[in-house]
Amino acid sequence: MSNNKNSESIIQDPVNGPIKINGIFKEIVDSHYFQRLRNIKQLGLCNLVYPGANHTRFEHSLGTMYMAKQLSNVLNIDDDKPLLGALLHDIGHMPFSHSIEDVFYKYYKVTHEDLTKKIIMGEGIFNDSDIPEIIEKYGYNPKDIAGIATGKSKKYRLYSSMVSGPIDVDEIDYLRRDAFYCGVTMGHIDHMRLFNTVTINNNNIVGEEKSIPTLESTLITRILMFNSVYFHKTCRVAQKMLGIAYELYKDKSIDDLKLFDYSFLEKLNSGNTEIIVNNILNRKLFKVIWREKYTPENYNIIKERMSRFNDDQYIIDIIPPLYFAGKERIKNYFSVYYRGEIKRIDNVSSLARSLYREVDRRNIIVSVGPQIKDISF
Amino acid sequence: MSNNKNSESIIQDPVNGPIKINGIFKEIVDSHYFQRLRNIKQLGLCNLVYPGANHTRFEHSLGTMYMAKQLSNVLNIDDDKPLLGALLHDIGHMPFSHSIEDVFYKYYKVTHEDLTKKIIMGEGIFNDSDIPEIIEKYGYNPKDIAGIATGKSKKYRLYSSMVSGPIDVDEIDYLRRDAFYCGVTMGHIDHMRLFNTVTINNNNIVGEEKSIPTLESTLITRILMFNSVYFHKTCRVAQKMLGIAYELYKDKSIDDLKLFDYSFLEKLNSGNTEIIVNNILNRKLFKVIWREKYTPENYNIIKERMSRFNDDQYIIDIIPPLYFAGKERIKNYFSVYYRGEIKRIDNVSSLARSLYREVDRRNIIVSVGPQIKDISF
Amino acid sequence: MSNNKNSESIIQDPVNGPIKINGIFKEIVDSHYFQRLRNIKQLGLCNLVYPGANHTRFEHSLGTMYMAKQLSNVLNIDDDKPLLGALLHDIGHMPFSHSIEDVFYKYYKVTHEDLTKKIIMGEGIFNDSDIPEIIEKYGYNPKDIAGIATGKSKKYRLYSSMVSGPIDVDEIDYLRRDAFYCGVTMGHIDHMRLFNTVTINNNNIVGEEKSIPTLESTLITRILMFNSVYFHKTCRVAQKMLGIAYELYKDKSIDDLKLFDYSFLEKLNSGNTEIIVNNILNRKLFKVIWREKYTPENYNIIKERMSRFNDDQYIIDIIPPLYFAGKERIKNYFSVYYRGEIKRIDNVSSLARSLYREVDRRNIIVSVGPQIKDISF
Amino acid sequence: MSNNKNSESIIQDPVNGPIKINGIFKEIVDSHYFQRLRNIKQLGLCNLVYPGANHTRFEHSLGTMYMAKQLSNVLNIDDDKPLLGALLHDIGHMPFSHSIEDVFYKYYKVTHEDLTKKIIMGEGIFNDSDIPEIIEKYGYNPKDIAGIATGKSKKYRLYSSMVSGPIDVDEIDYLRRDAFYCGVTMGHIDHMRLFNTVTINNNNIVGEEKSIPTLESTLITRILMFNSVYFHKTCRVAQKMLGIAYELYKDKSIDDLKLFDYSFLEKLNSGNTEIIVNNILNRKLFKVIWREKYTPENYNIIKERMSRFNDDQYIIDIIPPLYFAGKERIKNYFSVYYRGEIKRIDNVSSLARSLYREVDRRNIIVSVGPQIKDISF
């Protein structure tokens, strides 16, 4: 029996079962900024569509660490650094996760990855973070861990790609977890089979030939989850309404980034933003009045038509494509051994290839608030 | 295809799959007081122990209605009233559900059942409820529905016992749902097998002989869930700390009962209660320093010893027994047909009988806040 | 409590939970030809690859009936005929299900659908079947039921298409069941969501618009299951070896069609077929020596090369395409309402469309027995 | 990528997911006597009650090995011997597993543990076993492995107790597996939580204090599974009928112990045992006519009454108690740390204690074949 059981906890995760933490892991989990993640919902306002989707970045972070551990085991990696990167990869998330990250960016020019780095290193508005101290106490370098956590470390390229790569433990955890809590059982990822059929080649994780069916299934699950959850039109309407509220909000401050979901909401639930926040809370959402394929012409037409209304009374939402140049959501550059050679998955799987053709599905969706009543198309 | 698809929704429940609602059910779900349940966590502060336990009374209410429907189907009951009672049975829950219901009771002399009745009938501080109007519009009587919802209807005794009886749809849903979100897989309820092996006798639901194994398993699951979740010592400490905070809080008002979990917490997160609320949020909970079997002597000894400290710096918690006179938590009066006669389950199942012996397990657990440091036992 | 509990059984199905049967359903299940299905494995010799795949046509038939009941409920169909068709749809299966159906066809010119009809109507070698008598006793016409069971009834077109159509209860049960027993969790079918989003139009089952994501997921699951299970190369090798054994077998008789899997195997486990049967049993299967894309040229080349060996020492297997003219395995003619019009799924879903492009994946796989040792390519 | 992928297989287990085997494990799995386990059903004739229960000793053996690996990992045991013992622990099972083990014992004076030892060591009728050779090739001693496999090794007491002890990997696998295939979801074992809360003390596996709830749940699951599956009265009737058939069978030989389930059945399906075997196959089982609590008096009365009939026309079955002197089925000698001391589970868990009281539940069940018609009680 270990000497110091106080320094060990078992946390029960509905998705992965018991997760044991101790030492540096336990100290980080107990720290203020990590505990704060209990109050940041993983899927923002998606619980208005999927009432079970109240899960938080707290458990997702633990799950990502656990996945990193499973993957490390099968790859015979005996190092805590990728696990620490996994545990901390989302520490910088703002209220409501991705929901209004674009609006925050507009005002403060930071992404959640930037904030992740700052919290891990104790910089800027996060100079009160005790995480760098914990990391150093155990002999690690906060900068190294920040690099792995944000997927940008050149020093630890393999670890970095485990946390953020063509197939990474972050994505595997969130796809499984979000499906679990949304009750969306359409896709499924057999992560243990996947982990058992990958190997390391030249500092990269590549699949063996027998990984192909599991990879195909993972690619498909991504698409199904984007279609059904992440880009669900009602989820997006609710998020855009919250964005409108923040635009209207008069007391903006960079410290808003530190708030919990609900303390943020309570702040906005007054003054000129009270009505819109209350409508979100009562699920009185903008109604979709128009939906067409995205073309620049269609976009110009609808923009022109809506211009006579106030900005805060309607939403023109262009559902992003699943793949796009800057940052591909559906990553196809995963490589596999195929008859002795290393090839990209879309070169050996006709199913993967056919999925990539499903690209130009961007839609424009227009929704309007209660003030706009007499519109017709 | 039905004419009016707008009046129909399918809500995806991770525990039960798709739940279709329309007509009166949809109108109630869309009403303010029902939407409010999205912000009342089913298990209060238990998510500090089980990080997945963020589920709400909203989905539990839908699930209870769904269970009532499944049970109605197998019993050939074709009436919406038990479903309405099931849907509304928890509408009156206060912030953090049962967590500090006893403290609220001390100040306002109401239970959540009282409030359920008031919201369904539009009485008192809930005279703004639009639920009675919806109920009447569809030709039902709010008083009837309130009686079924609170399990006290004499007019509709069978329906009432479906919602609140020896084996009821409320309990079946919460046991399954809480286990799902806590990741506590120790017990399991095969509700479909149970429903398929019960029948109606003299306005009561009784089991057929072949229901016995499923009933035994249900009784056991209850006990396991009480031990592992509902009476988990750390959950109780967090709840008691919240109770202390409310006791200390200076601006108490009966309108607090209408608050969401988080707006309640934001209110308390200031002034003389800020520190304790922050400690809850950061999971800096009172530490257990003493644990013994409950006896009046033990209780007096410990009460005496702790009396030199301030009331708000320690907790003496007597874990309630699972069965007790006033209101049995583990109900043993379920009846089954056994070789042609109706008998109580504990008369025909030696397993049920042996479980009832597991009664006198009350413990006293003492925990203290950070101000109390020099205590030793 | 019903008077005659003897006439009712609850059968526990790991995939669907408790299934209640009584009356005509119970009598059919108790009959000889239905009990016989306990001894016909659903997936033939696939258990050599997936050791859990020992499930039988018996439980699949019950499950298909149960699915028909669920679908009938949501479509408000109150008629036992589609359920009877579903229960009996596979009653005519031969030893090892589809494994060597082609070899049996060569000798006896019958398919399992032909035998299904014969058993339901008590014709030919199945004139000892007591099923027609049971059907008539309950006032139904065996010919009607046979028509529904084989999916060919013109009189009951809707019922027929429930059992065998673009999306049918047979397929939904076997995809779910085979995935369950193989442990292949890659795809998933949310049948309850699917059933809740279809409707009847002009005697056909069509999807509502909101059925599209669930349909896409079903189409994908089909493809994944064909790739991973039904067309698994090792499963096919084992089945082809069994086919070779039957070709070599000297005492062929049409009565072989009535045998159980194992009594068939015991018969073949002697004389000149003993060695090959023993190799199957000990999983000493032919080894794959060559694998190329199917082209007529490739086929001719390999056929020529192998011709110097004995027919029973090698297998040239052309994996069939998933779609082909005669009988489409992946049916794309399912229709959905889309913005008020009825359209084929591949006209409204770019994902469905892209999947259909994944057609020309036929491979030639050559495997050889132990006698062929000195071959090289 | 490992050099020799031919020596590695991934076997998909529906209960545990992918199981990787290589080296000695793969060679043993490929050997004749291990492949033979594919044809020995885990639960004998229980599939007549639970139609999904067609799983075999083959997959249970793999699963037991996998559980041993998981347990070894958390206990930091880096040795293949306990895994080999787990893999081989059931290699000696006879046709239909435990179903008629008592009848075989009567004629041949061997248990399946005896045969396990013989196969592992290549003795007696199993001198054709190639398993000892494989074991020696990898540098192990067959006798050591046989000792661990049968749970009797004194040299490797810890390993032995992992395979067969108060809480062992054999039992954990079969309880989970049997529940899965029977669809009996009443109990559940959280094996990962259990493994994470045990430790080694003085060469024994003991639980930490936090293991208690999981242990209680495991004890309960055992009881539920015995009640619902292993001692299900209809399963027992079918097994006893098979025993009668073997008693009547004229060509008994010790080589019968080597047969598959089905080749054994085919042998018996002729001559004077054809009728009874056919009745088993068609599920025309003996009918229960009498059921009472076991007392010596009751037993004598019923024995006397039935004595006028032929031995092979009735069954007097005394359901064994769950605990009994010779070999306890429900083992209560598991030890846990409790407040610093090692104590037996029933000394610290009132639930465990109460379960042990559920002892004297032995029943006498009398069932009769079709020849006995005029009996009345």
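Letters A, B, C and D mark the chains in the order given here, with residues in each chain numbered from 1 onward.
Here, contacts are C-beta pairs under 8 Å (C-beta built on N, C-alpha and C of every residue); 3 or more make two chains touch, one makes a residue touch a chain.
Just so you know, these numbers come straight off a predicted model, no measurement behind them.
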Farthest chain from chain B, comparing Cα centres?
C
When A-D and B-D are ranked by contacting C-beta pairs, first comes B-D
Inter-centroid spacing, chain B versus chain A (mean Cα positions, whole Å)
33
With chain centres taken as the means of their Cα atoms, state the distance from chain B to chain D in Å.
41
Any idea how many Å lie between the Cα centroids of chain A and chain D?
46
Which residues does chain D have that touch at least 2 chains other than itself?
12, 17, 190
In the complex formed with chain B, which residues of chain A make contact?
11-15, 17, 30, 32, 35, 38-39, 47-48, 50-52, 54-56, 58-59, 62, 180-184, 260, 262-263, 265-266, 269, 281-283
Residue numbers on chain A that touch chain C, as the complex places them:
185-188, 190, 213-214, 216-217, 220, 223-224, 227-228, 350-351, 354-355, 357-358, 361
Quick one: which bits of chain D touch chain A in the complex? Just the residue numbers, please.
1-2, 5, 10, 12, 17-18, 20, 190, 192-193, 196-197, 199, 201, 208, 210, 337
